[in-house]
Amino acid sequence: MASPTQKHDWRYRLHEIIFEADTPGGKAFDVMLIVSILMSIAVVMLESVETVRQQVGHELRLLEWGFTILFSIEYLLRIVTIRKPHRYIISFYGLVDLIAILPTYLSLLFPGGQYLLVIRILRILRVFRVLRLVLYLREGEVILQALRGSRRKITVFLFAVVTLVTIIGSLMYMIEGSENGFTSIPAGIYWAVVTLTTVGYGDIAPVTILGKFLATVVMIMGYSIIAVPTGIVTAEVAQVYKFIDKQSTQACRECSLEGHAKDATYCKYCGAKL
Amino acid sequence: MASPTQKHDWRYRLHEIIFEADTPGGKAFDVMLIVSILMSIAVVMLESVETVRQQVGHELRLLEWGFTILFSIEYLLRIVTIRKPHRYIISFYGLVDLIAILPTYLSLLFPGGQYLLVIRILRILRVFRVLRLVLYLREGEVILQALRGSRRKITVFLFAVVTLVTIIGSLMYMIEGSENGFTSIPAGIYWAVVTLTTVGYGDIAPVTILGKFLATVVMIMGYSIIAVPTGIVTAEVAQVYKFIDKQSTQACRECSLEGHAKDATYCKYCGAKL
Amino acid sequence: MASPTQKHDWRYRLHEIIFEADTPGGKAFDVMLIVSILMSIAVVMLESVETVRQQVGHELRLLEWGFTILFSIEYLLRIVTIRKPHRYIISFYGLVDLIAILPTYLSLLFPGGQYLLVIRILRILRVFRVLRLVLYLREGEVILQALRGSRRKITVFLFAVVTLVTIIGSLMYMIEGSENGFTSIPAGIYWAVVTLTTVGYGDIAPVTILGKFLATVVMIMGYSIIAVPTGIVTAEVAQVYKFIDKQSTQACRECSLEGHAKDATYCKYCGAKL
Amino acid sequence: MASPTQKHDWRYRLHEIIFEADTPGGKAFDVMLIVSILMSIAVVMLESVETVRQQVGHELRLLEWGFTILFSIEYLLRIVTIRKPHRYIISFYGLVDLIAILPTYLSLLFPGGQYLLVIRILRILRVFRVLRLVLYLREGEVILQALRGSRRKITVFLFAVVTLVTIIGSLMYMIEGSENGFTSIPAGIYWAVVTLTTVGYGDIAPVTILGKFLATVVMIMGYSIIAVPTGIVTAEVAQVYKFIDKQSTQACRECSLEGHAKDATYCKYCGAKL
């Protein structure tokens, strides 16, 4: 794809270092990038801790600006060295790269906005490309495929859950009332979600006997309800597995029967060589 | 189904707008209806928040009456325009439509009853028909079929759970006693349900060593118990999938019955070649 | 099995009423029995509620004694009318029937023992026999078979969980210490169980940063661990299903191929009548 | 494997007692060992309870030292009697045996270190060998195989969860702030993990309306997310089952290779008739 003249082009060499990971320079760049990202996230997290902020808050802010300027330069270099900049800018990675530098600049206008910098963690996704974890990506693909396959069913299920918690939440608001923490219907819905998902904070809990009875029914119901998405996703994962299994099947040239194991050399029905 | 004279009947045209969704008028009506339902639910929710009620409570009550009168007119029009009104009235949608307007009138007699209006959320189910989300309905059908298939097993399972929590709850009441929050056997059962379903509010928690030990056993037991409904539903979903897979759409040319396996060469009902 | 002379025997007739459910008398007896059991459990539960006990405690105690004497007479009649009393006495139902009357008598010696009467709920299992819910029993059999099949795996799994919570609990005791609620290693283990099973009461929760970090790791680990028993039980349920499916398979007498649907009349491979 | 002269060797006999479990002496030794381990763990646990420590703390410390010296002697004997000591020392059991005695000695330098003795519970794993619970080990093997098969998918999943909780935790820190318990981003992440895993202690819970709304979304999301690892593990367990099912124990008479499918007529490796 690259003409000989391009080989000596600085843009071409920079592009190879920044975008590719198969040259020593490219790999070193990517490793350094991931370390920088992790460190910059650590800086943001530390800054949010008040005792740390009081002691070294100024130094952390400086570090933060350092990382942001570094990533800004990297972002500009990416735009400069790529052949079709607009395609990179509107790509997933391009948007993440932009969002990862914006919060620091925004924090000049809106103090506190720098905490959005944790979005930088999305940049870590590059790690899969750098460390050649292609196998892992393929496995992640199985999960995504199963989720995609169950998308519609999960949507219908969530719709049913939203309907259910609205009705349960309103009933609880009427039964328990403001004096027992159920201050409004939305508060009742919040309680219903906390209960049905078995999170159970305990910040709002039924007090009256009728309320406790309804809560008991909701919890036991939630027991069966939680089984539904699990059942759907499991069945989908199994479908994806079956599909992968089937794909590798070959037919015997003699008896044309299928269903041979992947390691088979001879047809198990007629003995002919596969 | 409609005779030429009916075409010009106002009832016929109203019926088409109110009940069907394939004419522009019918679609517009349904979209407006769904927006009205969502807004009326929002009004009820807002009214339940005390700070909002104190400021604009009167206006919200007026809006509520407005929506109710609107829905009442719609309900009457539905009865007037349909050919067999009694069938609509006792149908699922008919009952929901009625229940969705009653609470406001009831609130004249029983203040607070208007919160039951959230039941209007059930009317939203029409959204699937309006937006032609037939695909979603079919997916929901898979869930329903799996739940129907596992209905009896889930019933037996819930029966076992109720027996279990009754015994555990009584034991805990005897072990912990009123001074540790287990004020009665029903309270103990409430705790047992909260624990076994892994909700764990923490409003009642064991205090004595023996109580904590029993709680530990119950929790680890609950670990395995929660697996049972999930296992049942998952297996049912897989059954439904397998059934869909196997069922070829091919009908026999002799007896015109469907439901043949995909690898079938002969009709399994009459023996004719497919 | 009954000789003509036995037909007129009072023992024989009583046996039929008490043990069988296919005569009108037997059915009426069983229904009355179940109602009595449910009422006696309700009495025990009500008695445990302090406000109720203070008002009608005496009456409830009398009712309790009434039910116990009734069940005692029934127990004696069962022994008298059955042909092999010792087999009934040591059977599951016989033991439950005995345990269901003992607590009232024991409560004379140990006050509070009467709450053990809730064990009477086990007698409700007869309901399946009375209401001819044979179908439900068969479904329950599927659950039991799946649990039996996964028994060993669940045991190994629980062994691993016990090992894990012991180690985690000790670590948390050392990290957090008595001042943060982790008063001893058993307390730490209790916390570990509460956390790993996702119950999460919140009566003990980590306070130090290291403790919270370990808790985070434990929780995310628990996420994957909870998947194991579910996976095992689900796979077992699927096995049971497959077994039931296979059992009903018949082979064609012409081509001797199997795999026909249950409703098939003709072989799907060669068209011969099955 | 043992020459006649070795038979009378004390080392050989000791080796048989300590390492094997098929002689009466060996079995007695193993049973005693397991009892000692359980007792020594009980001693450590009891010592951690303050009321017990104040009363018999001194005696428990003596017992602890007694067990440690006993296990130290056992450890030395194992090294002396085995033919290749270095292989034992670096084996899993060898390391566990060493770790199981170190904490007592370390507690001389670092008080409190003796609580690490609970690691001795890992030695209990020998119980499976002693009680000839080979069947259980094979079942455990199924679990391990399923976990190994889903290792990569679980890793990708956990990576996604870590990314998710970081972003959610930061958002909640910005929404709720220090005054509502979300004192820093790590605290927010801790809350996100507690919520997403449905543990829900309630030590930190959202207070603002926006925070509660986000929490509701996170919880309902967690509902679907918890389904993913379960789906993966279940599908893997099913795969392992299928593999065991398919694998017939039949070996080819020509090439003596195993692993043929049950319906195979010809060896899939060399084509010979089975």
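Here are some notes:
Each chain gets a letter, A, B, C and D, in the order it is written, and its residues are counted from 1.
Everything that follows uses one rule, which is that contacts are C-beta pairs under 8 Å (C-beta built on N, C-alpha and C of every residue); 3 or more make two chains touch, one makes a residue touch a chain.
Bear in mind that the values here come from a model prediction, so they are computed numbers and not experimental data.
In a homomeric contact, the two copies may use the same or different surfaces; for chain C and chain D, under half of the interface residue numbers are shared, pointing to different surfaces.
Residue-number overlap of contact pairs with A-B passes half for only one option from B-D, A-C or C-D: C-D.
A straight line joining the Cα centres of chain A and chain C is 41 Å long. For the pair chain C and chain D, the distance between C-alpha centroids works out to 30 Å. In terms of their C-alpha centroids, the spacing between chain A and chain D amounts to 29 Å.
In chain B, the residues that reach two or more other chains under the touch definition are 186, 198-202, 226, 230, 232, 234, 238.
Within the complex, the chain C residues that touch chain D are 152-153, 155-157, 160, 163, 166-167, 169-170, 173-174, 178, 183-186, 195, 198-202, 205, 209, 212, 215-216, 219-220, 222-224, 226-228, 230-232, 234-235, 238-239. Partner chain A is touched in their complex by these residues of chain B: 41, 44-45, 48-50, 112, 115-116, 118-119, 121-122, 124-125, 135-137, 139-140, 142-143, 146-147, 154, 158, 161-162, 186-187, 189-190, 193-194, 197-203, 226, 229-230, 232-234, 236-238, 241.
Per the touch definition, chain A reaches chain C in the complex via residues 198-202, 230, 234.
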